[in-house]
Amino acid sequence: MRVDGRERNQLRPVHIETNYIKQPEGSVLISVGDTKVICAATIEDRVPPFMRGEGKGWITAEYAMLPRATEQRNIRESSKGKVSGRTMEIQRLIGRALRSVVTLDAIGERTVWIDCDVIQADGGTRTASITGAFVAMAIALHKLYEKKSIKTFPVSNFLAATSVGILSDKQAVLDLNYAEDSNAEVDMNIVMTGNGEFVELQGTGEESTFSYDQLQELIKVAQEGLLELFEYQKEALGDEIAALIKGSSVEKEEK
Amino acid sequence: MRVDGRERNQLRPVHIETNYIKQPEGSVLISVGDTKVICAATIEDRVPPFMRGEGKGWITAEYAMLPRATEQRNIRESSKGKVSGRTMEIQRLIGRALRSVVTLDAIGERTVWIDCDVIQADGGTRTASITGAFVAMAIALHKLYEKKSIKTFPVSNFLAATSVGILSDKQAVLDLNYAEDSNAEVDMNIVMTGNGEFVELQGTGEESTFSYDQLQELIKVAQEGLLELFEYQKEALGDEIAALIKGSSVEKEEK
Amino acid sequence: MRVDGRERNQLRPVHIETNYIKQPEGSVLISVGDTKVICAATIEDRVPPFMRGEGKGWITAEYAMLPRATEQRNIRESSKGKVSGRTMEIQRLIGRALRSVVTLDAIGERTVWIDCDVIQADGGTRTASITGAFVAMAIALHKLYEKKSIKTFPVSNFLAATSVGILSDKQAVLDLNYAEDSNAEVDMNIVMTGNGEFVELQGTGEESTFSYDQLQELIKVAQEGLLELFEYQKEALGDEIAALIKGSSVEKEEK
Amino acid sequence: MRVDGRERNQLRPVHIETNYIKQPEGSVLISVGDTKVICAATIEDRVPPFMRGEGKGWITAEYAMLPRATEQRNIRESSKGKVSGRTMEIQRLIGRALRSVVTLDAIGERTVWIDCDVIQADGGTRTASITGAFVAMAIALHKLYEKKSIKTFPVSNFLAATSVGILSDKQAVLDLNYAEDSNAEVDMNIVMTGNGEFVELQGTGEESTFSYDQLQELIKVAQEGLLELFEYQKEALGDEIAALIKGSSVEKEEK
Amino acid sequence: MRVDGRERNQLRPVHIETNYIKQPEGSVLISVGDTKVICAATIEDRVPPFMRGEGKGWITAEYAMLPRATEQRNIRESSKGKVSGRTMEIQRLIGRALRSVVTLDAIGERTVWIDCDVIQADGGTRTASITGAFVAMAIALHKLYEKKSIKTFPVSNFLAATSVGILSDKQAVLDLNYAEDSNAEVDMNIVMTGNGEFVELQGTGEESTFSYDQLQELIKVAQEGLLELFEYQKEALGDEIAALIKGSSVEKEEK
Amino acid sequence: MRVDGRERNQLRPVHIETNYIKQPEGSVLISVGDTKVICAATIEDRVPPFMRGEGKGWITAEYAMLPRATEQRNIRESSKGKVSGRTMEIQRLIGRALRSVVTLDAIGERTVWIDCDVIQADGGTRTASITGAFVAMAIALHKLYEKKSIKTFPVSNFLAATSVGILSDKQAVLDLNYAEDSNAEVDMNIVMTGNGEFVELQGTGEESTFSYDQLQELIKVAQEGLLELFEYQKEALGDEIAALIKGSSVEKEEK
């Protein structure tokens, strides 16, 4: 039995509130248990210098935590004057993951900026950010599509992420909260598409290791959780956008 | 008539939701119209180096905006590697204002960290931050008082802030939203205590000036709004804390 | 009686030495008691990127202190690698104040850089900087006008600044030196134009507050000092430039 | 057939030259094809502040490239004034990996600094760094053990890393060079211990994805290469140190 | 004949005004032609961490220019957030030079901070800084000696600096102004003690070279100028301090 | 007799290995005793902004040390976020020295980037860098010349550098190693061209001074060492490039 009474393969309660803030082209507040992240998607009508003239778009992400999202107040990165290695890893991961399900050629020379700001943290902030950011991004790109600024809907697949881990009893559990994460022997983040392909798989044994069999078990548990997360995303996006994503995916597979 | 239909001396709708995030000792989400700020108060059991050994406490504030709190995405200060002059001015103002109603000797060698994070901006973010931060701080200090970590309740007075300005028709209006603020000829922020004394008064005529008579009018309009804000604060804090603040204040006046 | 024997409403001795350094288009050494500031005005033939193509000019200011302008040596901001919040507040204030009396359209796409470098500090460095910078700027713009690079003299009014404060005896005094400033309960900086309008009014009660009546008294004392400062500026600038400023002002009022 | 004529499961030529530079406690020059990295291990007799008094040690790594290690000159991070996200990710990975095979309690309050400086880059610099750094670290810790500064040899297992990937023909290949890496659809880095357990497994599909079956194939190919790398390490370290590592490992398993 | 009508071996007019600013323990305004530098010496009662416990003192220097000391406004190093290579070279040179004539053991664990701030620049700012800083330092150390905080006067010799160069006519000239310096083929700065020994000799041929014979000629011309500079320093310091320096020097030579 | 048994006027063993790394246009590994530096030359087809449109080239240098090039590990400048004053001095020196023997007009609007990375340090790293960088630069420019991208070979002379110093026995020695350098009373770096002209001469007496006679002796000893270094350079470059340099020089003298 887990600290919060969940089964090994049970997600925490998930809520995705769309249009949480009014200014961005797309925004959500995603809660996964006590982890809460505001995800905002901004469409900018140009790409970074290194991509100009290629006729394709770019997706980039930034991630931050409010100082008191955590038990101990953490110092603002703006006060420190630099972004930590952990933050950089996470924002590179989010951007890379989202780019894997968007046809960049289809959005033209535009940048989609994703901002994930954690307002309350209880483990799994990076995976919640990816799951929420996907929804915010789809809403923002759908506005572009509705205005006919782009011809085809560029999101080719659903995309969500979760964490799995091995606790001291050597068994795999789904969606670790902060207390579990702190004591896990192995920690793995998995990003998957709606048709079950991996986008990222990052397993780490800090001062520990894991076997081939444990790897298989971790993946199996993650897959169950991810199927559930896709359902939350579909509900949040509504039938119209969900159908467009599915259609886009089909189209892609036929190519 | 104003752009949003308000009277000249009318505040926007104000909501103060206490304990909005679970980790900080005190927290609120304050909304003033479409301006929304998460204010968190953290009690740290030490003071900055320059104050050690004096037996008194310190209150300091930090202020930031999410990138898409605004119409145009603004670049994170952590990415720029430095905090802007505007941000520094605001956080210095918030800290100074709060210190004016707290008996620093009474909190011992502790620092109260105030974090004001604007999640949606529509003008008046610095004054909403002060009004909300006061409530978060009172809640946090009350916890310290309840645990008997401090002997007397150190908050001697209510404290709120609002903005007033002169629009192109040369008349004073209360609580400017972003559209009004952008076009105002004169902009003034006033921080006041519950017994009507000024703590800060900052009037600025960017590429414009204001007369002695206009100054009097601005102050009068601000005072009306501030009385209303004190009521919202009392309601958010509840009778027990409100009575402690009032008591503390009386005590101080008798000295 | 004050620590240096002055009356409550008496300025310290003021000297404005024009053309103090030879390279800038305009420069002064202003002394207000023992506070000494070198103010230099530079005309640059372009504006910041955000203003290009609008056909109007910009005025911006920088402020710094030599390390031993003060009793304790202060660390250079270049060594610290960043500009302090206090410095940023002051340089924003100086720039904003000067812009209020210059018709930016009349100077074309040019930037006036104001550099205020405090070589000796004894209180009131920001207000001395504004008073001195106005003179340096007027000299620099007059050169532009004489060379017929601009058609109308763009300075529409005199502009000076002073500080007032409330000492422990609860009464208002003019032009605080460092010893007075350190002990003042309330500190107010007032920037005013030659025709008596306010440009900036910044009153602060650090760990203290002030009443409506005290505010009126502070303003009255400041106004007396400012009238005197305008006389020093006129003398430093000479009749020709003083007449141009007066003329420009009249013109503006008639509009 | 691959661009350089290798088989799918064939490593590039590997050379590990020990004691390459004279000052560090342990150093190697590792070459994996045209990728060359100087790895140096430094023993410092203290730990970072957050670990003081716990009686255990720490291992931390830094990674850099010479500007012309690459085809295009890359700007020094010291000139840019900040370390890139990519560099941070790599140095965090190297440190984490090495810590997984060292009993930190056994080295006392000491820090092992690992410096990996790439002098020539042709793909796989992070995995070559880990493989080389392991050898440099083992040499440095062996000196400590020989001087009897520590009682037990703290390295519990061999540790090496390699990359695998999926090229456009959808098949898995081992040890990608730069040309292959640039065109790979999927890129995976695997860090493994001498007894076949995973320490890190990081698979990424940039603008692409991979299936469960492909994952299995990638792992299989990597395992073959890693077994070979352990042989190179044993040869470089010599029988005495290799036996100590094996012994240490046995001891650990028995616990 | 030179651009300003001087002879080849003629210094520009030199003025050293002592106690130019009131706060520092020692200060001068030195003018060498149109080059003007404020030099301030601060005595701090501790040494940098790397010297603690050795019972000896340290001398360190900082150098800066006001933005409009030069014909073109130069950007403040505090705004750029870093100190340029040129500034670092100069401040290292000033500190090193002054340390060569002070018995660091004799000043105890104290740091002498030297601040050289150029308020007007016309060539030779680093050599004027050294010549002026020597005087400011001697005054500051004399105060310490008079208060009997130190037993022996620690300055063992006079110290001054000048520049020499080779212009396009291939001949050596003394004390180059900015116009000459910009066109010189060879530029040499020489720091010398009162008894004719070299402390620093830095000759540079930017895009040019110089022969052994030219070197001899440059040194000869510099020596003439330096003898004159020692006279200006003696006059500025007065007989009492000059005698102490001479005495200290004699004492040292006898050792 | 010296610590390593050398004569006073004897260089340490010198080796120059050309094309040490494969990517740069020119590269060498230079060893001077235990001091080892990788020098790389990169040709970039543009010049810095301040030189655009002038039709001439530029040469600039960067210098760094691996953290364990030294006995004590030194912190990376990228981690500190800034380049030290010592590093800046050295890289400015290297660039300036190389520019003195290259006809910048002849290379067109190109920049030659020189990277000197010390992998092992035992004194004289800056002079070894110059001697090695000259060879790397000549190789890179020769490639340009062979491809007929430039018409004339732009290197007009050989260029090498060495250090000389005065040890505690007051006599001059050549090519100081780290142990000697740490105890030297006077330290001088001399950069000279193949026809015996000085390019840089930097003599420093840290807490010490030197006489005119000692200066002559230092120069004499340096000249002997430099003649030998030119031979090592010729051998490394081969007859063809050496002849081009000699020819270029003759041509220049005839002008």
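Letters are used for the chains, namely A, B, C, D, E and F, taken in the order the chains are written, and counting of residues starts over at 1 for each.
The rule is simple: contacts are C-beta pairs under 8 Å (C-beta built on N, C-alpha and C of every residue); 3 or more make two chains touch, one makes a residue touch a chain.
Keep in mind that this is a model prediction, so the values were computed, not measured.
Taken together, chain B and chain F share no touching chain.
Contact with chain B and chain E alike is made by C. Comparing the CA-atom centres of all chains against that of chain A, the greatest distance is found for E.
Comparing the residue numbers each copy contributes, chain A and chain B share more than half of them at their mutual interface. Look at where the CA atoms of chain A average out and do the same for chain C: the two points lie 52 Å apart. For the pair chain C and chain E, the distance between mean C-alpha positions equals 35 Å. Chain A and chain E, compared by their mean Cα positions, are separated by 61 Å.
Multi-chain contact residues of chain C, defined as those touching 2 or more other chains: 81-83. One full turn of the ring, starting with chain C and passing chain E second, gives C, E, F, D, A, B.
Partner chain A is touched in their complex by these residues of chain B: 21-24, 27, 34, 36, 38, 40, 42, 44, 62, 64, 66-71, 73, 76-83, 87, 113, 115, 117, 119-121. Interface residues of chain C facing chain B in the complex, by the touch rule stated above, are 82-86, 88-89, 91-92, 96, 99-100, 104, 193, 196-212, 215, 219.
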